[in-house]
């Protein structure tokens, strides 16, 4: 599990609560009360979610919401893990032939790699293997982009509906303004929706969208490494050359730690 | 019919009405009155539509307005439906020859697929088939983009004309400000156009533009699958290979449900 | 002539005037007076135009201003007209040879098509024909983009100088603020420049820029169709194939109306 | 010298001064005094320049500042001039051979064209000539983009530091607010930095950046014409064909004026 | 060490302090006190950092923070240095063969060049050399972009959390507004977070992000020159041609200074 986002969200809440209750007269927990205003929650979150719903199909909307949990998952496949898998496969293919990969494929958890290996074992034409895997990759990215688009749209509509709520509050207040002493509290309530909209975008939606983009980039790179590696195996390239090729995808630090691990493993 | 946008719009209206009538003293339906101001409607919607009209030709403007109803239509062709059609066609072509496709084409509702099949039956050069279908595709996308551009332009000009209306109100009010007690109600009226502009953009135009983009993406992908499939049929590729190729365009879930359906159909 | 932009501009003015003179006490034409403030016109329009001038060469600046009239011109060449012309030319070339095109070219008004036909008649190398025509096309687009850039820059600088005018007014007012009763009218004057800047951008410049972009897209597409058609003629392709190819550029509705016309013409 | 930018800057200053001194009571030159506030100049210009400096290396910063004078220079090489030069060179090469170009090159002022001619005379491989000249072109553009980036960054940081100055002024004022009669003048001073930031961006930096972009586009196009022409000469193409090719880069008006000139020259 | 950023940061702090302490009554150092408000620091910096953390994985977050020190480092490898190295290597390869490069490689500090030379010495296939080095280059750029993204995200979230802090302050103030004389100081405190957010973005994050982009561009260009040079050496090209090719990457000034140096070195 990737806890960065979780820590980030909790820290954000903490900062907000601290800002609210800390005053010149010390801690004042009661102040939190004036920041919880259910009708304002409804108009800001409800209104912006309504806009997001109108912007998508029902299916994309639900998938978008579900995408939230994905930001806490560490990417399932570690890139150095994948590279090691491919190098192992290339050694097997070299020594025992392409058909021996079928058995090896059973031990692989990564669905994408497994599918690729099966295509290679079936003797599919290399061009077609590349075509099928790259279409797969494009479609995965398209699906991810829809989820990212959901959160970006929400990050955009949240502050907008916050402002709509504040305008409603201001207009109501100004229309009936008779006693100046009520202006303060009324404006205070009106501003709460702007605050909600701003928090929605900058505490929740924008970080979620960004994290999903980051995760997507990592996943796509891993899949590209996989395609490159599988096609090299199919072309019968030397395992050492494949290793050299794939290691270029690693950062210097990861390359070192991988070499050490291998050295350790071989020792 | 795709009800997501409809639900979204109704929910948005609901949230807005709730925000207006709900006060600290309970529900106050009369408050809605101060939010309906015909001159403000005219200046915000009229002014921004005038700007949108000036930005386009008369034909594009009318097509843009008409594009609104399209967001409620579920995309006519389901992608798994299209893929099944193409696999069926490839089986026919394999067994009975390309000419047998002519009869099969009569049963196809999708105009684009039908046109492609007819080109294949006529023995058109594959390069030309691809050329004609891709030009078609580009022109469809160009037409869609014009409609999307209409709504994006409106989403941009709506808040701008809302602000123009508010500035007019403020200037009028400040010019003749003698009695401070009238400031409140006057400003309240002036702010209504800003509210209209914000609602126009964030409740209506921006979601419509986004939905049209999403629908366009789906339609273009389906048409790309069609072109890919038709050219494979014309090249005489094996139906099983075509199936494998086209299925890469589906999400894992859709792939499963399609396999089950086939299994069911074959049982 | 294309009247959409003209109607749009007039409607925009109408909405603005209506917003100004319509008050709770009925129509008040005198209110228009406080919205005409010559010094504010000078600082907003003058200042932003000065910025636009500093952003371009003198020649581009004048061409940009001149570009305004172009938005009222319907695009000279109708795309179905152009396609019909090219199909006619392909028939002539098929029956009487490429040299017979010279005479036919005399009747063509479209300079670009004419130039292309003359290149074909002169027996220029196909690669060179494409090269010359595409360079021509790129340069036309470059010139259009400069004009579009002029209006986009003005749309950007207009509100900025409007705000500068308002800041000047505010600073002057605050500096000498002694009598609170003068604050209202002074702020009213200060806000007029913001209003001018906003109108300049959202009533005039942004629609003009958008209309020029739309017109440019149409013109470029027509020219691309022309190049495609001319090269097909030079390659001696079948007129029916050329017709099929070019018709893909039309929308379904235009295709139908063209077929009817042909049927009518042939009857 | 290109005076458009100079006129633009002077006109901008004029508009600003006019806006400041013109009041309802006639011209009031003393008002200019309250708009000159040295500490505000320091914080807005100094702060934003500090940010620009921190954003670049020292060398890029100095080059960026120096880039200012370049906007007053008319582009050294006129495109029709360059085309005429290349056509002359192609005639010489045709009649007297490539080696005769060496002598002709001595009379050329344009360094880039001269370098290209020398490469051709040296019998360098055409691929290498293109490679070297295009690398040169890319590097020129990279250097230009750094200068443009400098002014764009300044245009971005100017208003930001203006707002920082205003915030400082407001906080200082509010903290010690005892006598309401001092609020006006204090806010007036606070707003001056916002005005400076806005002027900095919209009067100076944004036009300079735009002008540099325009100049860069012209220079790059001229250099591309040069490369195209030189390679045609090296390939031994017919001077008439080269002329036809290069003239596509000219606008119709320039083409005419060039033809007239030639006719005049030949008469 | 590259001191531009350091000077820029110090100058920015100086301008800010000057703006705070300089008043109409002369220097007032005590004013600095009201600009240091620990809870405001916490909510602005803490909240925005929490958002940045939620937007990234823990590893990317730490790397992003670490990236700060990199803006003070002058790019390790000077481009003219690299070009001279490659020309030297090409001379060695020409005279003593590719294998002689192994020894020469030991003296090279630049890891990337060294790796490339070793690949060439090992007799790796040129396509593979290019492939490995370009993958390396892409991965370096990807890592840099993550660090840049960290600072851009912070520059975006800083002002947003500053505004959240101000909203909290305003709501708290308005809710309990009884004594008008306390409004000033309370608003003053509320605005401090907006000031912090603005400073965070425009004094720190935005310049850092920009400097990292500039440094990345330089590093990538140097590495591209290296790849180009190494492949030319492997292809056995003439050292003089390689020199001509690589010098196109230099600015005219650098080219001159390099020629002088060589002349000096050879004298």
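All chains are identified by letter, namely A, B, C, D and E, in their written order; residue positions are counted from 1 within each chain.
Throughout what follows, a residue touches a chain if its C-beta (ideal position, glycine included) is under 8 Å from a C-beta of that chain, and two chains touch if they have at least 3 such contacts.
This one's a predicted model, so the numbers in the text were calculated from it and none came from an experiment.
**Student:** Just to be sure I understand the contacts, which chains border both subunit E and subunit C?
**Tutor:** Joint contacts, listed by label: D.
**Student:** If I drop subunit C from the contact graph, what connected components are left?
**Tutor:** one piece
**Student:** State which chains count as neighbours of subunit B and simultaneously of subunit E.
**Tutor:** Touches both subunit B and subunit E: A.
**Student:** Distance from the CA centroid of subunit A to that of subunit E, rounded to the nearest Å?
**Tutor:** Centre separation, subunit A to subunit E: 26 Å.
**Student:** Measuring from the mean C-alpha position of subunit B to the mean C-alpha position of subunit D, what distance in angstrom results?
**Tutor:** Those two chain centres are 41 Å apart.
**Student:** At least two partner chains per residue is the criterion; list those residues in subunit C.
**Tutor:** In subunit C, nothing touches at least two other chains.
**Student:** Please classify the inter-chain touch graph. Allowed labels: line, ring, star, complete, other.
**Tutor:** Topology of touching chains reads as a ring, each chain with two neighbours.
**Student:** If you go round the ring from subunit A to subunit E and onward, which chains do you meet, in order?
**Tutor:** A, E, D, C, B
**Student:** Provide the residue numbers of subunit E that touch subunit A in the complex, in ascending order.
**Tutor:** Going by the criterion above, the answer is residues 39, 42-43, 46-58, 60-61, 111, 128, 131-133, 135-136, 139, 142-143, 146, 149, 153, 156-157, 160-161, 163-165, 167-168, 170-177, 189.
**Student:** Under the stated contact criterion, what part of subunit B meets subunit A in this complex?
**Tutor:** 2-5, 7-9, 11-12, 14-16, 18-20, 22-24, 31, 34-35, 74, 184-185, 187-188, 191-192, 194-195, 198-199, 201-203, 206-208, 210-211, 214, 217, 221, 241, 244-245, 248-252
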